[in-house]
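Take a look at the structures listed below.
Below, chain A partners chain B and then partners chain C, in two separate complexes.
== the complex of A and B ==
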């Protein structure tokens, strides 16, 4: 094992590691190797290989039919001057802040509210968690009906005497992005709530009692007991939220397709439409690489932190 | 799920992680060699015989059933067999390049003739169907169809089977109730819009919202072929003119005249909802293709009528949008003879009549001997197209599917902000150049 941990192992032609291991005192049983290598092979074929292809394509111009033409950093240079890319990047940040921030805050609030074991609390938990069960595309269809010009939302506004606020929510560039965030939030809050509920369950009640004895009020107990105890859950929630924000696609695509005129465009929808609608697969791959780098940066920094804590 | 994975990762011993990472890198570099271009390298041909695979995007229930009838009838004839594979229209569109470039592709595909087929033909992906065209089944096909199905190389690459038309559709009973008539000229059309608006009806339904933003392109197409003519229109879509040229600007100036009459929900609802509004009398008329009738209730069908998109400049040769549908085949098919036999059958009057009978019946057969559905609407439609000196297909069919999203963005933006037309056209030209140069 010790031999294999050497970082040089990443080079494509390693100097016969097999022989070295056989002579070693702690020989890995073949069964373990099989358990490692077979899934690795599957992963290599189905995940690493296409991923590397994606990286290669990011440096090409490809229409999906002819052979890809190598263009070096051309795609990334184009990105610098691409207004739509800028809009999509800004929208993605907005999405991250609004969708991510609100789902964390609302999820935590819901978890705190529903953590006590009272009669009927299970019903409310289930009700909040239920949207997670639906596919986002199905969710989007329901919300599309709600947002229709004659839909539930506009009719509600009308019946409350707010008819002047009636609106084509998804077709107006000023409201489209926010109108899409709401269904995504509606679904995410339940998920984050469950994460926090699990975290809250793990807090030792003795801590609260001790705090109470010391004269801590509700707010102080939350600030000095609950929040620090939830630190590990927070890390999970943070990475889940960031990854979910960056890969948010289905709900936007089903509701607006990034429109009207790119006003609700996210990096993910822009990547999809560039690659599969405009058939500019090279540029689309370059966008995918940008998304990957962003997501990977977050995950890597999270993992590094997690390992440091574990050691 | 996600949490489990992250926890298991944190539990792993660091050395094992590095080991995995190292092995992964070794494995993938070895695999990298033949990766991307594998899809583009030329394929082999599978052994002949067996059923011809027919990849169809006709996934609407009626059309799908009609296709099944056609395939069943072909099997009964006994000369060959086809296996139908119906794919959702959107999936089909995005997957088509993959189908055609794969090593073992499906044999025959539903798709469009003209520049769309020609683009694939230029890449040597389509089977030469000259033999089908010289067969007796296609003898009576019109000259225009012949040209439409011929690639730049001079090869025949497409077999057309049906076509339909676009027009200003309305309900006869509603027009009678409102006391209005079909307009002939642009001015009469504007008067009609005025009259309907004063009655509190949205004069023009659009339906460019939801996932059908492309419907707005019909307005662009029609205004362009009325003002600049079909020849200019085709050249524009092929990249021989610029979208920020003054000719194109004239199109939008005209369009701006009718914008006040367009249903304010025009870009908020999909065409299916817009046609429902039309049938319910909430909107007066709508520029749409006959396919919308697929979803119309049967009792409304007899009440539907249409008029020609008003003439703007009588000096411009009359052109109409009449998209043709049909089939092409993969150049890599291993069943060339069987494909030719199937194509010849699909071109017969019999096959086309079976399809028309099974579907909503608002399409016209390309075979001159085939009978259409025979309703007054269809007869009027046939005459409507025959009177035209030029036929255009539709925005995406006359250019490419890749250019369509650029039009969707430009046109929805114009409808929302007609005043910024200058910058919209500049952006459109810039986006279109990226597609043309791709």
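== the complex of A and C ==
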């Protein structure tokens, strides 16, 4: 995971002869403690404490006005019979596979193409990367204009003689989810490409030379040199993709609000509308817990890797 | 013989170059096309678009859409709100993160590693689990629907990640430098301010560029702790614009251009830092 932290590592200092004023385990200067405690407090107030409350609220029924009422696993039992929850869960998995899988594949392909140091390659990289800095809301509005019934996509289809394919892309239950994935992909591919470009750069050219000497063709070099060497980057990309997928909210919210008829509903949008529009705060918290459980594996494995690196 | 082999190799190289530019060029055009469409649309009049369609050849030129989005659509105030949130957030988050990273990387402390991972773990949580409690908490603290609430939650949620990245960076600074300073009688503050912080500058630059775009582009936290239209940042205002000017693509496009301009400017100005930052922080 060279991409994660600075590569060099030095072991902690041996205690200095005079008792190690700066690094001694016995006396940490109070100022240094304050340096740590202030940020920790900020995170405790805005993250740790709310997170604990969030888990508690998942076991309650609450309208936000009267006191929360403890209902045990009632919210989770309700999910079993909730059609919308089922749709949102399926859509989230679809999103994970399509958005995640395609952005990884396309990002790697773009990186392989643009890793060559040729004239003009900087421009191509910048072009693919530019959407990464747009907000998802702006991205969504750009694509909304493309998807309109009288928008650019339909006009293009018409002019290619494919007028029969004309479509209200965002208003049709069968196409809404896929129409929302495309803008998200458009924005994500450049990001994944940058990660892979760094990974490809880190591969020792001698490996390719050796493979060439051994008579390996282009495809074999990719299969037996590039892919294994990219393993640590793949792990990073996988974490990024899963965490990003489960967080995806803005683009769906700005394009469809999860509709029509929940056909593009993700767990994240369903959670938001349940909590802040239907004001069912307990059930919304339970949905958030489901998202947390889905993300937990990735978070845990990420932390384990970070733990190994932390020293 | 050698000459013909040479020219064959040359020809092959030329073909490869042409193929590369053809492929990469097509890809770049495909990626830039939506952006070009928005730029063009933002400069056309409503009548032109209504009469000929979005994809037609433009027959008009006007800057009035920008005025409409900026003044009537409330984007001016929204952009100011965004900057009022983003700039303090970036500065305070990175300052706090640098302090914590300094403490965790340069001093021996009990539970050092666990604290580091706890802070990182907080940032990896899906925000959904925090939304309801955070909105209630800000009501309780009397800051609901104010910009300080948004600043607070952005700092609290972001800081753990930056601590982790900066910790990795500071850990790599040789111990001897610090020891020399201690021998010279420097206290922790001087070590932090005069020695460690300057050496961490590349990482700080990269993270500033990155966090600026992340915070500026946020929508979810804003609509969780804010309510009034007058306090919303540019992302939420853009959604408002979409509702206010339904099907007036010229104004919506102008609004999108305004909303994207600051981050594009940061990207173009600090491109190298930006890409370095993404690789430092392959979490988000």
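Methods note: the second predicted complex is superposed on the first by the 270 of 311 C-alpha atoms of A that agree within 3 Å, B and C clash if a C-alpha of one lies under 4 Å from a C-alpha of the other, contacts with A are read in each partner's own complex, and residues count from 1 in each chain.
By definition in this document, a contact is a pair of C-beta atoms (placed from the backbone, for glycine too) under 8 Å apart; a residue touches a chain by one contact, two chains touch by 3 or more.
All of these numbers come straight from a predicted model, not from anything done at the bench.
Contacts of A:261 after superposition on the shared chain: chain B is touched, whereas chain C is not. With both structures placed on the common chain, the touch criterion links A:138 to chain C but leaves chain B unconnected.
Look at A:273: by the touch rule set out above, it reaches chain B but stays clear of chain C.
Residue contacts after overlaying the shared chain place A:250 against chain C, while chain B stays out of touching range.
Contact with chain B, but none with chain C, is seen for A:173 once the two complexes are overlaid on the shared chain.
If you count the residues of chain A touched by chain B and by chain C, you find the higher number for C.
Judged by the touch definition given at the top, the superposed model places A:65 against chain B, while chain C stays out of reach. Applying the stated contact rule after C-alpha superposition, one finds that A:284 touches chain C and leaves chain B untouched. By the document's definition of touching, both partners, chain B and chain C, reach A:36.
Of the two partner chains, neither chain B nor chain C is touched by A:212. The interface of chain A with chain B overlaps its interface with chain C at residues 4-5, 7, 9-10, 12, 36, 40, 43, 45, 48-49, 53, 57, 64, 144, 148, 195, 236, 239-240, 243, 276, 303, 306-307, 310. Residues 17, 20-21, 23-25, 27-28, 31-32, 34-35, 37-38, 41, 53-56, 96-97, 99-100, 102-104, 106-110, 113, 115-137, 152-153, 155-157, 159-160, 163-165, 167-169, 171-175, 178-179, 182, 187-189, 191-192, 203, 213, 216-220, 223-224, 234-236, 238-239, 242, 247, 249, 252-253, 255-256, 259-260, 263-264, 266-267, 271, 274-275, 278-280, 282-284 of chain C touch chain A in their complex. Within the complex, the chain B residues that touch chain A are 2-3, 6, 9-10, 14-16, 18-32, 35-37, 40, 94, 97-98, 100-101, 120, 123, 125, 209-211, 213, 264-265, 267-269, 273, 401-402, 404-406, 408-410, 412-413, 416, 427, 434-435, 438.
The touching residues of chain A, when paired with chain B in their complex, are 1-2, 4-5, 7, 9-12, 14, 36-37, 40-41, 43-45, 48-49, 52-53, 56-57, 60-61, 63-68, 83, 144, 148-149, 168, 170-173, 195, 236, 239-240, 243, 257, 259-262, 273, 276-280, 303, 306-307, 310.
Those residues of chain A that touch chain C in the shared complex are 3-10, 12-13, 16, 21-25, 28-29, 31-33, 35-36, 38-40, 42-43, 45-51, 53-55, 57, 64, 110, 113-114, 116, 118, 120-121, 123-124, 126-131, 133-138, 141-146, 148, 150-152, 155-156, 186, 190-191, 194-195, 198, 236-237, 239-240, 243-244, 246-247, 249-250, 253-254, 267-268, 271-272, 275-276, 281, 284-285, 287-289, 291-292, 295, 299, 302-303, 306-307, 309-311.
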